[in-house]
Amino acid sequence: MTRLLPYPILTACLALMWLLLAGFTSGQLVLAVLVSIGAARALKALGEVSPPVKRWIRIAEFTGIVLYDILRSNIAVAFILISGQRRASKSGFVTMPLKLRNPAGLATLAVVLTSTPGTAWLDYNSARGELLIHVFDLVDEQVWVDQILNRYEKPLLEIFE
Amino acid sequence: MITFSHADVPLWAAIVGSAFLLIGAGLTLIGTFGLVRLPTFYERIHAPTLGTSWGTAGMVMGSTIIFTAASARPVFHEILIGIFVTVTTPVTLMMLGRSALYRDRSELNPGVPPKGADFSATEQDAAETRS
Amino acid sequence: MELVIAAAIGILTASGIWLILRSRTYQLVIGFALLAYAVNLFIFSMGRLRVNAPPVLNGSGPVDVTAYTDPLPQALVLTAIVISFATTALFLVVLIVSRGITGSDHVDGREG
Amino acid sequence: MSFAPVHMTIAPILIPLIAGALMLFFDERERRLKTVLSIGSIFSLLGVATSLLMTVHLNGEPLALVYLLGNWPAPVAINLVADRLASVMLVLTAALAFPAILYAMERWDKVGPHFHSLFQFLLVGLNGAFLTGDLFNLFVFFEVMLAASYGLVLHGGGPQRVRSGLHYIAVNLGASLIFLVGIAMVFGATGSLNMAEIALRAESLEGFARPALHVGLAMLGLAFLIKAGMWPLCHWLVPAYSAAAGPVAAVFAMLSKVGIYSLLRLALLLPGDGAAFGSRVIFIGGAVTLAFASIGLLASQSMKRASAYFILMSSGTLLAAFGISVPGGTAGALFYLLSSTLAVSAFFMLVELLEREQDAASGILAVTQEAYGDGEEVEEENQEVGQVMPSALAVLGVGFALLALVLIGLPPLSGFLAKLAILTAVLGPGAGDLGALGARRTVLAILLLVSGLVALVALSRMGIRTFWAPVEPFSPRVTVVEAAPILILLAMLVALALMAGPVMNLLLAAAEDLHHPARYLSAVLGAERVPPYAGGGQ
Amino acid sequence: MNVLILSVTLWIVQAALALAMCLCVYRMVRGPRAQDRILALDSLYVCAMLVLLSFGVRTGSTIYFEVALIIGMLGFVATVSLAKFLMRGEVIE
Amino acid sequence: MWYSGLLAVIVALPFAGAVLAALLSSNARNAEAWLAGTVAASALAITITAFPHVSNGGVIRHTIEWVPALGLSLTFRMDGFAWLFSTMITGIGLLVVIYARYYMSPKDPVARFYAFFLAFMGAMQGLVLSGNLIMLAIFWELTSIFSFLLIGYWHHNQAARDGARMALTITGTGGLCLLLGFILIGQMVGSYDLDVVLASGDLIRSHDLYLPALVLILAGTLTKSAQFPFHFWLPNAMAAPTPVSAYLHSATMVKAGVFLLTRFWPVLSGTPEWFTLVGLAGLSTLLLGAYFAIFQQDMKGLLAYSTISHLGLITALLSFGSPLAAVAAIFHMVNHATFKASLFMAAGIIDHEAGTRDMRRLSGLFSAMPITATLAMVASAAMAGVPLLNGFLSKEMFFAEAIEEHQRSLLDGVAPYVATVASAFAVTYSVRFIHTVFFGPKPTDLPKEPHEPPSWMRRPIELLVILCLVVGTIPALSIGPLLHAAVISVLGDRTPYYSLSIWHGFNIPLLMSFIALSGGCVLYWLLRNYLKTCEEGPPYFRRIKGQRIFDKVLVTVSWRWARWLEGVLATRRLQPQMRLLVAAAVGAGVWAMWGASSVLPQLTAHGLDPVLGVLWAIGAFCAVSAAYQAKYHRLAALILMGATGLVTCMSFVWLSAPDLAVTQLLVEIVTTVLILLGLRWLPKRDESIPPKFDYASRFRRHRDFALALAAGMGAAVLAYFMMLTPVPKSVGDFYLQRAYSEGGGTNVVNVILVDFRGFDTMGEIVVLAIVALTVFALLRRFRPAEDSAQLPYQQREQNEQDSVAQDREVGETLQDYLLVPSIIMRWMFPVVVLFSAYLFIRGHDLPGGGFAAGVTMAIGFLLQYLAGGTRWVEDRLRILPIRWIGVGLIVAAMTGMGSFLFGYPFLTSYFQYTEIPFIGKVPTASALLFDLGVFSLVVGATVLMLIAIAHQSLRLRTRSSRGGVEGGQG
């Protein structure tokens, strides 16, 4: 099974993508399945291991949180940018230790932080497990550290480790 | 391939869709506005994410709504754009930010935390940037 | 519209020509790339300009040729794009090699 | 279509294409196999080309074999046209290719990877350019030819090659862009890419389309003239050709002719019997080129450089002769084309053998560099050397002398007959009244005379310096395989002189075809699709 | 009505995005550092993509969608290699 | 009846002999001599047998067609005159062969000698027996060529090389002129056939082209027979072995010129131009040659100048235009041949036996070699024109003609005096020759001890001398008939009465002879002491050495000036060439547009889309700043170029070309990466070196700017007017109509690419393949320059930091840098693969297609290389790009050829809708298979190019790691 279908979820997503592109017909479905299996095997060739997902429920929850945060910070940053009072907010670098080690988890965190206006992933030191980000609207460092560690890292840890 | 004329778009869809489109475009514009106005690179790097997150999302939703309504069948493929932008933009921005950090460090520019700094060092840096 | 494209062609051509008259190989690469854009647009413009009339037929049935823009120039431009891509790549590699052998990135392989 | 199978017309393009592609499946060590493949392909090319020539020449009907690609109707499809001229060029190409490959076997095909594939692809480009009847398709095959030539001109590496190769590529990139602009204008004005159709529509153009067509033609002409190496657009040619490896330079002798071929083809196809590109401009350009080449020939010390200047000389002569567009002159010029091309390519190889002693520079260097430069190609180390030829100097001497006769235009070989043919058509019996274009005729005659004299002076200087001056005669190490190609080409030249009668008749017929475009038009536009095809025609 | 709304909206949207592109180009030319230019190019790509989306809506055709999709999916390759070039002085090691 | 084919035989025979001789071993002296002798003898024999048929006006013709289209045929034609020459050529040839057998030393490679000698004999035969002007010109040039080879026979000495080269240059050039002259005659007469030409003298003389033709032909003949001012090559030709001089420079080659003058005498002579030109040349040569001859110290030199002078005499005779003069000319040709050949041989013997030819060292040889001396004396007496010898008769005739009035002109007036003085000089140098060499004190310090030569070496001389005597005493009986045959063949019905008696009574000619003889002797008596010691060359003219002038001119013109001119007219730099290119393009455009202003379409304001306008404002701005930045900020230029490309792509979308947009975009991405890959190997540009702002460079900038502007405006204007002119009926309509019904696709552009014009695509992918292979081949032997031959400074710095930090391994910076990105890039791989498949499959109906799919796929691979580095990827994926290329080409070609099976032309597509379960109707077009080939090739080519460059970094690492420097992870 795994030799034929290395990454079931991925394959499914790919098939869905195909259908989204080519339209939903029985013929396209057949094609979609065939092609996505092939594509998935391409990834297999790269020797990529599929991430060990533990708690599926948390994913949805987490997604919700993230989307909300992104929307919120969009508004916040946009407001700061248009309102002339640039001086009020100050930006700066924040370093924090991460427990999260799983690459997929880190990737997710990176995507989240980057997609969120106001936080930018700059450097991750794997030796120390230390993350350096830049925060656009830095009122209090600790607040940001807490938010990232509790709001994002914890659920990710639960999902991936 | 789907084609429609604006006349086929129901009014509600036109209104809602337009709203989303306007939001998306607006956010993107603001983002690029920031790109121009912000003083340091590390601040500017935040600006485009407006466009790549809700800017794109807004446009995508808008067009999805309009197409779906006009062609009277679900047209979701714009979603893909949203997904891919969300997934790929971080790669660029992370790598770019890191590169900038490296360059500033190796040129010993002020306002960036030195290599392998611990918290206190970073706080000082933050303080510097604040002042 | 025609005015815009014509102006675009003109400016691209001018910048490209200016670059291929310079002395550094890299300038030539960029110059040829710009000229390729210009020429592609030029060929393309020979089919005259139409907005939203792509030569993609709507299923079967009799075809109203006036509803579509002339597909031939597009096909020509496609071929031209590919060929100019290839030649640009080749030129790039040649200049790398020349730089490696002569030690200089001057078009004549020696300064001055 | 008489005894030529239907698909014979496209074979000259497909054979080398497939041969070149097949070679890609074998790696560099299987050089023997590749050599066999390419020689096989060249021989079949020779066969196909010859029988094409027979078909179109012997039974004058049909005047040309027209091949509608994709079986689409005449003006729309890309079409290949094998008429007398095209077939002659095909034969010539194959006839040149064989000695070149033979020569390369000794050493050059070991110097860099994929030599044989590139060579085959070059043949694809050349044959395609000769056969195609479609303007854009002509561009494509020009690019095939040029791309391969870029690869080959740099084959062997070394500073000189790379430097001159860079110039060669840069200039030709520019030329290609001009070519494209020309095509675009012609298409924009006439709405067609089929040469015959363009010629047909060219008469009935009004409004801006007319000047537009002129601009297009001017650009095309410019592109062709750059390839042909007309002064002052020829400065890339001499360094590139003289730096190129022997066999490569040998086939490049053909390359410069493609521009001239296309120019002639289009100029005479379009209304105005050669006026399309401004025959005066072409004549003057040719004359100046001829003069310049003569000067360069005198001024060049190395024989390789001299042989490159011979290329320019023949370009100049051809252009000037075509500038006075009379059928006889065209025929004579075509004869000259055959003779000079064979001679120059033989000369390129001969000269390499001679100068190899003087400067063991690029060639040998390249080999050793390839052999000992990288860990990858250590296997090159034990390169076998064919058995060395006895009394090489004598053979080379005779070869040099005979080639000199041809290049100078001294009797009794083909070079003389070629000049005689041109002069006879321009001034001699059958030239009609000299009043028309009298000035051009005189200038051409004088230039032919002077260039011959110059060649005499230059070549006697070189020959004496090489063969007579040395106190103890140097003995070049020449293997049989290296000498054979030169002898083969010499044999061809002698044959050309002996067979001059029939050859001249063939070329006269070809020239007549060229000067009566109506024949070409009817042949192309009247071409029949193979039934049954979609949309009727059972 | 709906036609009016849509056309006005699309007009504004495209104007806004075009302006956004201009701002990107300003940053691109202005610099000062290479990273700024690359950043600008990246957001220029995004803006272009959005313009194309809006164009799709304006012409009421999905035929231009793939272009936008390609920008979204592969546009980052160029900027990523630029970024890596800054960091390592080499794109592929 | 005599078989006319024999004419071809007597021409071909010597050539065949030459080939044989060349093949014999080079020291088989006897065999060679026998061979040559046999050839000459048999040719002579055949010739003699032909006499009856030409003796009174008869002509033998034999024609072999060669190039009818050019009126060039091998027409052999023998009449009395030709017969006379043919006899001389073969006869004297035979004698010289015998002589040479003993003359040539064993060291000399005789094979070459005899080969060239016989070949020359053949050429000479062909010349005199030609019945076709072109054929004549051919053999004419052949004589020049073989004489060149014979003169240069001893090429180890400088003199021989120079003499040979000079002879070739001058006579060869003359030959070219002659050819042109003949072509003009052909133009006048309408044929190259000699008989036709001879028959139409009046036509030619009255034709406008007469003068040019005459001048050109004279240029040929006068150079050949060494007439003033072209005489100077002959003395230098004396570097040849004496047999050669005896043959070429007495009997044959130099006679070719006068032969031709005589041949065309009926056609060309009799006009004032002829008289002036030929007469001037002849008389001046006659006088100067004789004068120079007196002061030579080299025996052969003396003979050479005397030859020149005698040829001048003949020329002068021909110039007079009277039949009797022509008779005298022909007569003197024969006489001169006999005595001059014998004298040359005699001189050769002396040189051979005494070891020198310098008359200052020679003296009193009579006692040593009495027989040779006697022979030489008789021969030189003939040369001096002593009665009872053949020289006397023809000279008398000459005097008689000189007195006659031909064209009343100054030349006519001076002719008799010149004649007398010249023959006085002739007597002087003849007497001198005999006196200094054979009489006087015994010779001292000679290289050899002189004595008589082997008798067979003397036989030829003896025979010739006897001829001189016989002809001199009983001319009518001996030479009479032969001369008559020759004369009537030339003069035809204009043949005059002439008597060959020795005694014509006391008349002015006799008086002139007497004056000449006595005057000559007196002159020698006066000069004798001076001549014993004086240096080579005549007084007053010593400075003027033809040789030196010639060489100087040659070197100056053909070397110095040429080099200078080439320097002026050619360039080895690229920039001027590009400028010329652009200028030419602009010029051509303007030239073609000239006067088109009347037909320009009126400018109509089309709907301007503001968005597109803004887009292009951006695009143009980026293009210009890219051009501005490209020198110092390469990265910036690259980025700006990318922006321009993006705008181009967008306007393709705008203007309904989605396919173009897709392709452009993908190519854009690949190109950017490609250039970045290349950028790593270019040197640092530091702005610290400020650009030159001197006048010259500023001027250059302005000129280039103007050029660029002109070109840009030109392109813009052309495009604009094109777009405004009404569309011609384009073939595009056809494509639109048939794309679906016959091509089976709705995306017309793609159907064009894979079906209607699939052949273009075929060529296009070949180009791509070639370029990829070339790139690969070039980089196989790539050597980076020193400063880029090490790791980029960034990597060195980062590695260094890593190694300093306690908790880090070298290369961890990179790992951390790519930790997250590489994951995302890897997961993008399947997505890209799928998308490329999608683009491929939909291509026939919607934007996409094999090319776009291929590039997409390649980008997928590229991403992996970016993320993981070369090693990492190639440990996991085994990509064989060259195979992909090969497969692509084969698939495409085979698909095209598939239609052969059904008897259709290449690339005839086949398509239908096939019913597949679940899937339903799907279009299956053979074009899709073709597109698959395109896809495969594009993937292969693109990847190959990218990877070939990328591999250089890897090679560098392996090399540097070999060198000990530890590279980062690869």
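Going by the order they are written in, the chains are A, B, C, D, E and F; count residues from 1 in each one.
Following the convention adopted for this analysis, a contact is a pair of C-beta atoms (placed from the backbone, for glycine too) under 8 Å apart; a residue touches a chain by one contact, two chains touch by 3 or more.
Note that the coordinates shown come from a computational prediction; the quantities given were computed from them, not determined experimentally.
Traced through touching neighbours, the fewest hops from chain A to chain D number 2. Graph distance from chain C to chain D, where chains that touch are one step apart, equals 1. Chain-level centrality, scored on Cα centres against the all-protein Cα centre, points to D.
Comparing the centres of all chains, each the average of its CA atoms, the largest separation from chain E belongs to F.
The chain pair with the larger count of C-beta pairs in contact, out of C-F and C-E, is C-F. Set against the C-alpha centre of chain B, every other chain centre is closer than that of F. Here the spacing of chain D and chain E, counted between their Cα centres, is 49 Å. With each centre defined as the average position of its C-alpha atoms, the distance from chain A to chain F rounds to 75 Å. One simple way to say how far apart two chains are is to compare their mean CA positions; for chain B and chain D this gives 58 Å.
The distance from the centre of chain B to the centre of chain F, with each centre set as the mean of the Cα atoms, comes to 70 Å. Counting partner chains per residue, chain F has residues 572, 574, 578, 582, 638, 654, 658, 679, 715, 718, 722, 724, 727, 730-732, 735, 741, 757, 760, 764, 767, 771, 774, 778, 783, 794, 798, 817, 820-821, 824-825, 828, 831, 835, 846-847 touching two or more of them. Multi-chain contact residues of chain A, defined as those touching 2 or more other chains: 17, 21, 110-111, 121, 123, 125, 128. Across the assembly, chain C contributes residues 20, 25, 42, 46, 51-52, 54, 56, 58, 72-73, 79, 83, 86-87, 90, 94-95, 97, 101, 107-108 that each touch 2 or more other chains.
Chain F contributes residues 807-808, 812, 815-816, 819-820, 823-824, 826-827, 829-831, 833-835, 837-838, 841-842, 864, 868, 876-877, 916, 918-920, 922 to its touches with chain A in the complex.
Note for the complex: chain C touches chain F at residues 1-27, 29-31, 33-34, 37-38, 40-42, 44-60, 63, 65, 68-75, 77-79, 81-83, 85-90, 92-97, 99-101, 103-105, 107-108. Residues of chain E touching chain C in their complex: 59, 61, 63.
Within the complex formed with chain F, the residues of chain A that make contact are 7, 10, 14, 17-18, 21-22, 25-27, 29-31, 35-36, 38-40, 42-43, 45-48, 103-104, 106-107, 110-111, 121, 123-128. Of all the residues in chain F, the ones that touch chain C in their complex are 572-575, 578-579, 582, 606-609, 612-613, 616, 619-620, 623-624, 626-627, 630-631, 634, 637-638, 641, 644-645, 648, 651-652, 654-660, 663-664, 667, 670-671, 674-675, 678-679, 681-683, 685, 704-705, 707-709, 711-720, 722-724, 727, 730-733, 735-737, 739-741, 746-749, 752-753, 757, 760-761, 764, 767-768, 771-772, 774-775, 778-779, 782-786, 788, 845-847, 851, 941, 945, 948-949.
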